[in-house]
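Common to both upcoming complexes is chain A, partnered first by chain B, then by chain C.
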Partner chain A sequence: MRLYGTFNGTLVTAGLAIIFTLLAPSIFQFFTIITLTQVIGLSILTLSLALVWGFGGVLCFGQSAFFGIGAYAYSVAAVNFGGSTGAIFVAIFVAAAFAIILGYFVFFGRVSDVYLAVITLTVSLILYSLMRRTSGPEYKIGSALLGGFNGTGSPPLNMPGNASAMLFPMQTFYVSMAFLIVAYVFSGWLITTKFGRVCISIRENEVRTSLLGYDTRLYKIGIFGISAGIAGLGGVLFCVGVTRVTPDVFSLGQSALAIIWVIVGGRATLIGPVLATFVLYFLTASLGSQQLLNANLVLGSILVVFVLLVPNGVVPTFSKLFEKRRAKRYSRLKEHRIKMRKHRSA
Partner chain B sequence: MDLFFSLALQIIYGVANLALISLGLAIVFGMMRVINLAHGEFLMLGGYTVVVATNNGVNIWFAMLVLAPLVVGIIGLIVERCLIQWLYGRMIDTLLATWGLSLLFIGIITSIFGASTTTVISPPLGVVKIGEYTSSGYELFLILVVIALLILVYLTLRLTSLGLVARATMQNADMAACLGISTSRIYMLTFSLGAAVSGLAGGLLAPMTGVLPNIGVIYIAKAFITVISGGVAILAGTTSASILLGGVNGVISYVTGPTFGEVALLFTAIILLRLMPTGITGRFFRKSQ
Partner chain C sequence: MLKREVVLETRNLSMHFGGVRAVDNVDFQLRENELRCLIGPNGAGKSTFFKCLTGQLVPTSGDVIIRDITMTGREPHDVAGLGVGIKTQVPNLFDGLSTQENLWLSASRWHADKRASVLVKETIERLELGDIRLSVVGSLAHGQRQRVELGMVVAAEPWLVLLDEPAAGMTEEETYKTAELIKDINQTSALIVVEHDMNFIRAISNIVTLFHQGAIFMEDTMDVISADPRAREIYLGHKT
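Entry: the complex of A and B
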C-alpha cells in the first residue's frame, strides 16, 4: 500500500501524532510541555500556509495576519463572553471572514501571484502598526482593552459550558494536540475531495482549469478562507500558550517564520511544514539563548540557502530520494528475475 | 488661510515622502519586474551609513547626498551578482530570497550596532514660519530633493544612451538582447541604481527618524503599496500613486489622527487594485515611463 501522498498516509501520521501526544508527558519536562502548546499554535499556522500555498497555489505572505486576527478575536471574545468555547469559534469565523473579504478584492480583481503576496504582507504590516497605536482606554471592544504595544491578556481555555473550570497546562496541551491532529486530518481530507482536486489543478494551471468550466476565483477564495480559519485556530492556541497577544503576531518576522517553516519542510506536503515548525522552533530557541549568532541572521541565511539550493524543501527531497532508491531496487530485482528465467530456459 | 497652507504643505510632504521611499523599489520593479523585499533594509543601510559617517566627523550633507547612495549602491551590486542574477524569471523565488536577505541584513546590523537606536542626528535646517504655524525647513528641503530626483530620473531615461538602452530592455528584453545589448549588465546596473536611490532616501530620512536595525518595516508596507498601485511605469506610476495615496493618508490623518491614516491608505490601494489590477499606469498614462 502506498502511503506517501495519500489519505491513508495522513491517517497513519495522525496515529503517530496521537502516540506522541500520549507519550510526551512522560518524556518531556513540564516547562517544555507549556512551550509545546505555543509551538502547536505556530505549527497550525504553518499547516494553513502549506494548505493554501502548496495546494491552492495562492502565495499568501501575510498568513500571520489571520493568525493574529484569530488571536485577538479570541482574546477579545473570551473576555467579553467570560468563557473560551464560543470564543474559539468566533476567532475562526472572524479570521475566515476577513480573508474572504480580502479575497474578494484580490481574486476578483485578478491580481497576479506576486502582487497577491505583497498585498497580503502589507495587510499584515498595516495591522501591525494599527494595533501598536491602540494603547489607551479609548481603544476597546466591549470590556476588552486592546492595549497597544503591550497587547492584551488571553484567558486560558476552560471546560465547555463551565467558565470557572479552567484547563491545567497539561490538559491544554492535550486539547491543542487534538486540534492540531484534527486540523491536519481535515486538511489532508480536503485535498482529496473534489474541491481540493480543483484547487490543485488551479495551482498547476489556472487558465486550463477555468477553461474546463470552473470559476477559479471562487475556489481560490474558498481555500483562502478555509486556510485563514485554520490559521485563526492556530492563533487561538498560540495566545493561550503565551497567555497574551501582542501586535508582534502581525510583524514581518512572524510572517517570515511561517514562510521559512513551509519552505524548509517542503511546499507540496502537509506534514513537512508541521515537522519543520517543531524542529526549527527549538533550534531558534536554543540559538536565542546564546549571544554569538543573531536569530534573524540565522533565519535569513536558512531562507536564502533553501531558496537557492533546496527549493523543494526537506521532506519532498527525501521522499524523492527514497522513491528513486526503491525504483532502482525494483528494477534491479526485475532484471535479476529475467536473467534467472533466461538461465532456466536455456 | 495659514492653516490651509500649513496643511497643504504637510500633505505635499507626505506625498514627497512616499515618492522618496518608493522610487528605488519602483526602478527595480519597473525595469526588472523584481520585487525587492529587502528594500526597507537598503533604506536602513543608507541611514546607518549617514549616522556612522557623521559620528566620524564627515560633513552631514556629503554623507547624506554622496556616501549613502554610494555605499548602498555597491551593496546592491554585490547582492545582484551573488543572489538576484541566479533567480531571474523565478519571481516567487526572488521574493523569498530577498526576504531572507532582509532578515540577514537586520541580523548583521543588530550584531554590529545593537538593537537600540544609534545616536540620532538632528535635522540640519531650522524652522519655517507660515503665519502662526511653523514647519520644519528640512521637510521643505526633502520636497525639493524629491522633485529634483524625479526630474533627474526622467532626464536619465529620456536623454542619455543608458536610458535609451534601459527603456529598450524594459519594453522587450529578448529583442534588446538580439540587438546586442547585454541585458544582464543592464539589470545589474538597474538593481545597483535602485539600491543607490534607496540608500539616498534612507540617508535623507535618517535625521527625521533616527536609525534602528528594523526601521525598514516602517517604510516597506507603504513603499510596496505605492509601487503596486502605480504599476510598472517608474515615474508616472510612482508619482500618481504617491499623490493619490499620500493625499488620502494626509487628509484622513488630519481628520482622525494618524492611527487610521495608514489604514485608509491601504484601503484605498486595495479598492484601486480591484478596479485596476495592473495599477494606475496599467490603465492610464500607458505611454509614459
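Entry: the complex of A and C
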C-alpha cells in the first residue's frame, strides 16, 4: 500500500499543472512569468531533495551542490557548444556523475546519516569557496570564463538543434514547466517501480532490506545519482531564468532553503515540496517589498511552526485528514448496509 | 542412513569483544533439511554466533562456510543472497509499509513480478495474514509483527532459514502455530532456531545445541539434555 497517492494521482496532478501552464500567461504579468521560470528551477531542486530524502531516506544537506554544478555545467557547455540543446544533457549528466562518485565513497564507506548530511553540506561549501576564487582570465573552461565572485553568463534556451532561434521568455516558461512536469511524473513513476520500492524499504529499515538480500549501497547510490541529475536540471532552468550563475547557488542559504521547502511541503510526497517552493518563494518576495517584518524572521518562524506543529508537512497532513473522513464515511455506510440487511431479514 | 550433506559449517569460529570471548572456537555443522535449535542461558553466545552467521558481525577469527562458500566477513546481503532467510532477534520490519508490501519486498528479491505476487498471496494464506494485509505493520501488535516477519522469511522461499527467537512475546496459541509453521518450513529447508522457550523447542526440534560461555557444551536431543545434570545446572536449573 502506498500511503499517499498513487501513480494515477501523479498523472492527475500533472494534468492540473498543464492547465496551470496554459492559463498562466492570462493570469500573471509578464514580469511574474520571468520570475516563475527561476522558481520552477528551484522547485525542481526541491523535488529532487524530496525524492532522495523523502523516498530514499538520504538526508542530503548539500543538494544545492548538484543544482549549482548543473547550472555551471550548462553555462559552460552552452557557451562552448554555441547552443543549449546538448548543454542541458551535459548539465544533467555532470551533476549525476558527480553525485555517483561522491556517493560511492560515502555509501561504500558506511558513513552514517548524520555524517552524510555534514559531508554533502561541506561539499557544497567547498564548491562555493572554490568558485569564488575563479576570477581572472586564466580560469576558463574552453571559451567560457568562470568569473569568480560575479559568476558567468548563462545563455538562453534555444530551439532544439537550432542555436540561432532563441526562445522568448514566454516560450522559456513553457519549456520550464514541461521539464518540471516531466521530472515530477518521472519521479512519481520511479517510486512505483521495483527500484523505487526497494529505496523506500531502505528508508524504512536499511538492515532489514540488506537481510532480504538487497545491496542497499547500490540502491542508495542509484537514487542519489538520479536525484542529483534532477537537481542539475533545476540548476539549468534557474540560471537560464536569472541569465547568470554565481557561486551563491552553492551557498548555505540555498541548501537550507531547499530543506525548508521540503519540510513545509511534506517529505512523504513529491507535490508538497514543489508547491511549498512556489508559495514560500512568492511569500518571501512579497515580504521583501515591505519594511515592517524581516523576511528571514518570517521564514524562520514558519519553519519552527511546521517542525513543531505539522511535522509531516502540509500535503501529508491534509491527505491524512481527508482519508480519515473518507474512512469514517465508508464505515458509516457499511453500518447502514448491515442495518438494512438485518431489517430485511427480520 | 546416509549422512546428508553439510550445508552450513563454522570452523574455529571466535568472536571477542575486548577481553570477552562471546564466541570461543566453535565448530558447528548443519546438514541438509536439518532443524537445529540453539539454546543456552543469557550471555551464552547464541545471538553473537547467530550474527556471525548472518554477516551482521565479522568474527575475530575462524570461518563461516555456507554450501562450500566461505562467507566470513561478507555483508548480510551476500549471505541472504545465497538464498538464506533471516529473522533477527529484534523485530525488523518496514514499519511504514503495509504487510503486503513487506512480503512483496521479500518475494521480489528472488522472483519476477508474477511469481512474487503469487508467493505473497500464498504467504498471506499460509500465515493467516488476510485481516492485516493492508495494515501498516508499525501499528500491529507484537505477535502479529512476528508473524509478518516470519512471512517475509517464507515468502522468499529460502533453502536455509536462520531464526533468532521467532516465538518471543507470542501468545500460547501463536507459539503453537509458529511451531507448526517451522515444521512446515523444514519440509523444504534447513533451519537454525535460537530459542528460550523449552516447550517450543521440544515441539519442533530433534537435535539441540547447548551453548555455554561462548562454546558448544553439548549437542543431543532435548530429552538427553534435560536429563543431564550438568546441563540442568547450566540452563534448566534456573527454571526451578
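As a convention for this text, the second predicted complex is superposed on the first by the 335 of 346 C-alpha atoms of A that agree within 3 Å, B and C clash if a C-alpha of one lies under 4 Å from a C-alpha of the other, contacts with A are read in each partner's own complex, and residues count from 1 in each chain.
As a working rule, contacts are C-beta pairs under 8 Å (C-beta built on N, C-alpha and C of every residue); 3 or more make two chains touch, one makes a residue touch a chain.
The structure displayed is predicted, hence computed values, not measured ones.
**Student:** Identify the partner contact of A:Ala117: answer first if only chain B is touched, second if only chain C is, both if each is, neither if none is.
**Tutor:** first
**Student:** Thinking of the overlay built on chain A, is A:Val52 touched by chain B (first), by chain C (second), by both, or by neither?
**Tutor:** Neither partner.
**Student:** After lining up the shared chain so the two structures overlap, which partner does A:Ser251 touch, if you call chain B first and chain C second: first, second, both or neither?
**Tutor:** Only chain B is touched by A:Ser251; chain C is not.
**Student:** Mind working out whether A:Ile126 is in touch with chain B, chain C, both or neither, as first, second, both or neither?
**Tutor:** After superposing on A, A:Ile126 lies in contact with chain B but is clear of chain C.
**Student:** Going by the contact rule set out at the top, does A:Leu211 touch chain B (first), chain C (second), both, or neither?
**Tutor:** Once the two structures are laid over each other on A, A:Leu211 reaches chain C alone.
**Student:** For the complex, which residues does chain C have touching chain A?
**Tutor:** Counting only chain C, the residues touching chain A are 54, 56, 75-77, 80-81, 86, 88, 92-98, 100-101, 104-106, 108-110, 113, 134, 136, 152, 156.
**Student:** For the complex, which residues does chain A have touching chain C?
**Tutor:** It comes out as residues 1, 3, 194, 197-198, 200-201, 203-205, 207-216.
**Student:** Taking the touch rule as given, give the residues of chain B at its contact with chain A in the complex, in rising order.
**Tutor:** 35, 83, 86-87, 91-93, 95-97, 99-108, 110-111, 214, 217-218, 220-221, 224-225, 228, 258-259, 262-263, 265-266, 269-271, 273-275, 277
**Student:** Give the list of chain A residues in touch with chain B in this complex.
**Tutor:** Checking each residue of chain A against chain B gives 59, 61, 102, 105-106, 108-115, 117-119, 121-123, 125-126, 128-130, 133-134, 251-253, 256, 259-260, 263, 293-304, 307-308, 311.
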